[in-house]
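Shared between the two complexes below is chain A, which has chain B as its partner in the first and chain C in the second.
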Partner chain A sequence: MRLHSGIRAAVALTATALLATACSSGGTSSEGETGSTGSGGKVELSFWTWAPGMEEVVAAWNAAHPDVQVTVNKQDGGDPAVTKLLTAIKAGSGAPDLMQTEYQKIPTLVSADALADIKGDLPGDVQSHFADGTWQAVTLGSDAVYGVPQDSGPMEFYYRADLFEKYGLEVPTTWAQYAEVAAELREKDPKAYLGTFSATDAGWFTGLAQQAGASWWGIDGDAWTVDIDSAATQKVAQYWGDLVEKGVIDNKPMYTPEWNAALNDGTQIGWVSAIWAPGVLAGNAADTAGKWKMAPLPQWEEGGQATGNWGGSATSVTSQSKHPKEAAEFIAWMNSSQEGVNILAQEGGLYPADIPGQAEALSEPPAFFPEQDDFYTIAAQIAQTVQPFTYGPNVNVAYSAYNDEFGKAAEAKKASAFTAAVTAMQTATVDDLKNSGFTVKD
Partner chain B sequence: MATLTDTPTTAAAATRRPRRRGRLAPWVYLSPALVLFALFLALPILYSVYLSFRTVKVSGLGLGKGARTEVWAGFDNYARALSDPDFLASVARVGLYGLVLVPTMLGLALLFALLLDARRTRAKGFSRVSIFLPYAVPAVIASLLWGFLYLPRVSPFFYVFDRLGWDAPELLSSQWVLFAIANIGLWGGVGFNMIVIYTSLKAIPTELYEAARLDGCSEVAIAWRIKIPVVMPSLILTFLFSMIATLQVFAEPMTLRPLTNTISTTWSPLMKVYRDAFTRDDIYSAAATSVVIALATFVLSFGFLRLVQRRAFSQENA
Partner chain C sequence: MTTTTSPALSVPVPHRAERAVRPARTHRERPSLWGTLILLVGAAYCLFPVLWVVMASTKSASELFSTFTLAPSTHLPENVVDLSQYRGGIYWRWMANTALYAGVGGLASVVVSAMAGYGLAKFQFRGKKAVFNVILAGVLVPGVVLAIPQYLLLAQVGLTNTYWSVLLPSVISPYGIYLARIYAAASVPDDVLEAARTDGAREGRIFTSIAVPMMVPGLVTIFLFQFVAIWNNFMLPYIMLGDDRLFPITVGLSGLLNQGASQPAMYTSVITGALLSIVPLAALFLTLQRFWQVDLAAGAVKA
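Right, the complex of A and B next:
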């Protein structure tokens, strides 16, 4: 009987809760609603983002602009936020005014008519603040401007300087040397690896293909082209497949508890990563502070200077915003004024895409790399060598195909499986475009 | 319990012809449930079915306004779902997963229930709670816990094995991963099923056991000849629940996926639905696949019930 009354109480509670949600569902939608003009002509803008430091930068703006108040709405991350935004666009309401947009997602969002063209609302000289490759990501090569770049992720090679010295290893400058060093390390310590091939990080592989000269999508007249299965991508896949097949690098994914432990205890002594790596290392390999160094990515040709991009976002105005002009002013201030860029770098730990502002914003090396005084000087040189790359409207399809196909290949540990995975990615991506009705040029 | 449920129905209601107001009363009482049912179950289901027959057509580059239109798709989404090798592979995988998981889980649940019910068992309360406890752990948390235990570098088991000089199997490698996931389901599911079976064991009148003992029946024979046949309806119920849970396996593989190369984004049918809806932004295919899964669940569940109903529930109807 005791149980009985307990159940009844639970049922009553659930019913009340359900009723409560049913009644309140009409009133709580203000979370994502686009800004309204409040009393006295005050403009309120909502901002969906998941980047660190956004509260601080918004607070500084709000203090100086009492008439245009921005509210940060923290999101879980890129994929869920995009799904949420696309749903709101489809529904016709509920989208924010401002949205953090990862570069690879911009074509998808533009294709869904989710982003506003803010070219007319931006100061004329904004474009000159950014590298051409970065600016292209927000224009898609058209006359429109779909956002202002916030941060970028040029790729570098990170290594444990202390362990390199201990094992007597040279820092590789070419991929051929990287392979040699990887093998040499295995001989000196059979438990240690120079790196891992991660089948769960599509953006990482994309950056490596970009360095090799690949550009996976393109626009040819009125049609899309898909060039994933190119000689450049095949070269990269063959290279990493060989390393995995020989067992000189690991085949386990990055960002697992196991990988964190390996970075921390010196089992993984190198990481092919991007400019934001110091923050990640500080979080998941805390015991190794001061032991890492950064070097340019190994090159395909001796003396080459090229790198790819892994990560980074722009900030965009959504097509549902009622105040695109004010929203664009805020973005331009946040991402391309010295004041805004300083907060991005110092509070958020971002690597600002704004080139003129970098020097002042990044005068100190990252706290995790106190030994490397010239960290950001080297980084600035590397950032200028990011190769051009065009993303397409179904990056998500290509990336999930990457996860599945390279997952199988990494497990099989066969170089031939790696190159086959590239072909499978190409097929999946083209099939999806054609299925949706995009014009695709073969 | 039997005496409580058999309270006589009020004579007054049976004899007096219900007035108009009386006829309305049940609906008034039902209306909160009906409204909630319609709003939060029926409507979303109908909307999913509607979406499953729609699709987006893009023209040209698909950039700019008006490049995307939603159109009727007929059975295209269904045809694609049913002919997708990834989907068929995920169905086969989950079938195998069910073959591994369900018999083991129900076998253990029955065994534990019988052991708890045996006369000589001590510390019953404690054992019951500790077997049941994993069920209270959310599947995502359970998968994270087990994920740590499966990864050689962070797992205490592997540490011990390593010290002993034994070779432990890599549980997240392709030949073991299915068992690794089934193990999490097993760990979480045994307790619930045990409680269901145990409760129905408790409902068996003790006179039956006394009679059996007088006839010289051993404890094992009592379990085999009396207890198991009597709890058969509970076993069927738990089998049905387990079957449905198997078809819907999602949280465990989804949580383990980032830890390994061996779990694809379409490992289980529901993971494919998730990928289509939230990674590929194609809610139309996702809706079609969902409808297929729902129908399959429906057919399997009711087919199974029809098959066993007569046998299992015959005593009750007699």
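Right, the complex of A and C next:
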């Protein structure tokens, strides 16, 4: 899956690090153009995705484009689909034409030559539809374009408004207040928790570190830098470690049956989550509809305005696609036309990355939050405060180190173990980069 | 083990092996209290998860995590309807795919195993021992380890993401060949084969008309083993298939649970799907049970 020979690794790195993009992109797109002009007739595209609403948006496209028919192949979310794609790329066949690519996976896929540069196949104004930070995630700062952003996941704080009222709690605006409210709740109801530390959701912790100002990878000349073990990340780890050690928040992972039960019976009364939370709550705790509210994430400084991202994907064309031109047209339509964006938001419940389309697509609050009329107005303000963050080519390694190390730390309930876990993540990530043949600057 | 053998087995060899075992067993005609207790505990241990699935499949999504684990509810029909309506009834397509993979793969595997096992047991040829040793080594290699190499090989001939990519690797089962060899050695007497040859029967005829009927109980065992192995297989189809309309149930249900952090996992549908997926297996075992008088012990002693 990862590159083995030093030479290939070096080539891949330069591709990522904007040096040799002209060479790789020219090759892919000219090859693609000859492929599609030669074929003529009906083009069939396969699309690996796990996002909701994709079948509806594809059905709308297929009805209007009889010559370019897209088929949705639902995949297991995130890591498994990427592993499968990388295996297919390595094997030389079996990859789909289109792939849902989470932002944090794009550097990995680009360094494995899995994604096609579609810059030449996109309408010229597509870039203007997206925030600079979002667009940067699909270009990696280079001249190439490895996909079109679909949705984003700015983080917010969700809480049970009815139970906050019952217990007489204030909605925290800083992390210091969050800790106080968490302790206060434990006194008023020893069974209830304000939240949990999830050692199985690396993306969640990454978003929190992003809010605090961390950026875990960086490109320095032709080398990668890794900055996981930074003051910002340590601050976040120390904070959550303290809360877990004192027992004021839970230490059980999210997305378990126990956690679902706790959302239902009101023993988890808050959730530090992202913009797509309404869909998850509606699925896992349908009976609590109308009882939740959304607020900005607590801040590290009074009056601060910062958040991180948890989730969000682009759609990319794979390097094995024989019809990159048609595939790119479909992606541009799906993720940046008003018609496509409306379906994404209304059928899929996604928070579209396309800024011009948001106003119309998100005119109603989510059905699960009928009381909060200004849900998407607040969300749009929060979305603008997402802090910059760069992902590296071995996010999978860092994330699995997170699961291992923080899993042990959360079990041990020691704040010192939380900060040690950050250091261990740094070591594992740097070692893996070096072993894979990348140059790493200390 | 000691019940009557099937009518096809009117051959002395297995009976002899049974008789040798019988005297030892007559001493223990009264069931031992402790033995029974341990078996009961074992049965409870194995059946509890099934009970859990049965109970959980009757609950609605919100009851699943809020009511007592073993308390039944009344939502099974709705859950089945929900599951059937999910993405245009794709679950039933997965069920049909699984039946195809397991049924066709199991039958093909039985044919290959029977021929290979019979050949290894009854013929002398150069390299026989080497072939058998390689097959024995194959028994020790877990199928999961082979999934990636098989993927790369099939990718070269462009067969990944097709029905063939799951069927072809399922056809060869080293364990099935091994069992067939042992069973052929124990249940097909050389005297019978020689008599048939003397009467002028060709080898193909001897195999299909004489050896196969004698090996039927063993072949049923191989079929059931392989059928269950393919039915439950996850890794191979998971790696091979990208098109969700080709998925077997295992891979399809796993997809319902892993929809990414931003989607709720469809626990209720997965549990209902798991319950429905064991119904055909249970039915198959109950109908083929009477053939499952595999005298494996006899075969093992004989080999």
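Methods note: the second predicted complex is superposed on the first by the 402 of 442 C-alpha atoms of A that agree within 3 Å, B and C clash if a C-alpha of one lies under 4 Å from a C-alpha of the other, contacts with A are read in each partner's own complex, and residues count from 1 in each chain.
In the analysis below, contacts are C-beta pairs under 8 Å (C-beta built on N, C-alpha and C of every residue); 3 or more make two chains touch, one makes a residue touch a chain.
This is a predicted model, so every value here is computed, not measured.
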| item | value |
| --- | --- |
| Joint occupancy of chain A by chain B and chain C, clash or fit | clash |
| Partner chain in contact with A:255 - chain B first, chain C second, else both or neither | both |
| Contacts of A:94 with chain B and chain C, given as first, second, both or neither | second |
| Contacts of A:360 with chain B and chain C, given as first, second, both or neither | neither |
| Touching partner for A:67 - first (chain B), second (chain C), both, neither | neither |
| Contacts of A:52 with chain B and chain C, given as first, second, both or neither | second |
| First (chain B), second (chain C), both or neither touched by A:286 | second |
| Partner chain in contact with A:110 - chain B first, chain C second, else both or neither | first |
| Contacts of A:80 with chain B and chain C, given as first, second, both or neither | both |
| First, second, both or neither for A:274, with chain B first and chain C second | second |
| Clash-bearing segment of chain B relative to chain C, given 9-17, 225-233 or 243-251 | 9-17 |
| Chain B and chain C footprints on chain A, overlapping residues | 80, 255, 257, 261 |
| Chain A to chain C touching residues, read off their complex | 46, 48, 50-52, 55, 71, 73-78, 80, 84, 87-88, 90-96, 153, 201, 203-204, 255, 257, 260-261, 264-265, 274, 276, 279-280, 282-287, 310-311 |
| Residues of chain A defined as touching chain B within the complex | 15, 18-19, 22, 79-80, 82-83, 86, 107-108, 110-113, 140, 142, 199-200, 219, 222-224, 251-253, 255-258, 261-262, 267, 393-394, 396-397, 399-400, 403-404, 406-408, 410-411, 432, 435-439 |
| Chain B residues within the chain A interface of the complex | 32, 36, 39-40, 56-68, 80, 86, 147-148, 151-154, 173-174, 257-266, 275, 277-281 |
| Chain C residues touching chain A - in the complex, by the definition given at the top | 61-62, 64-66, 87, 148, 151-152, 155-156, 158, 160-161, 238-239, 242-245, 254-255, 258-267 |
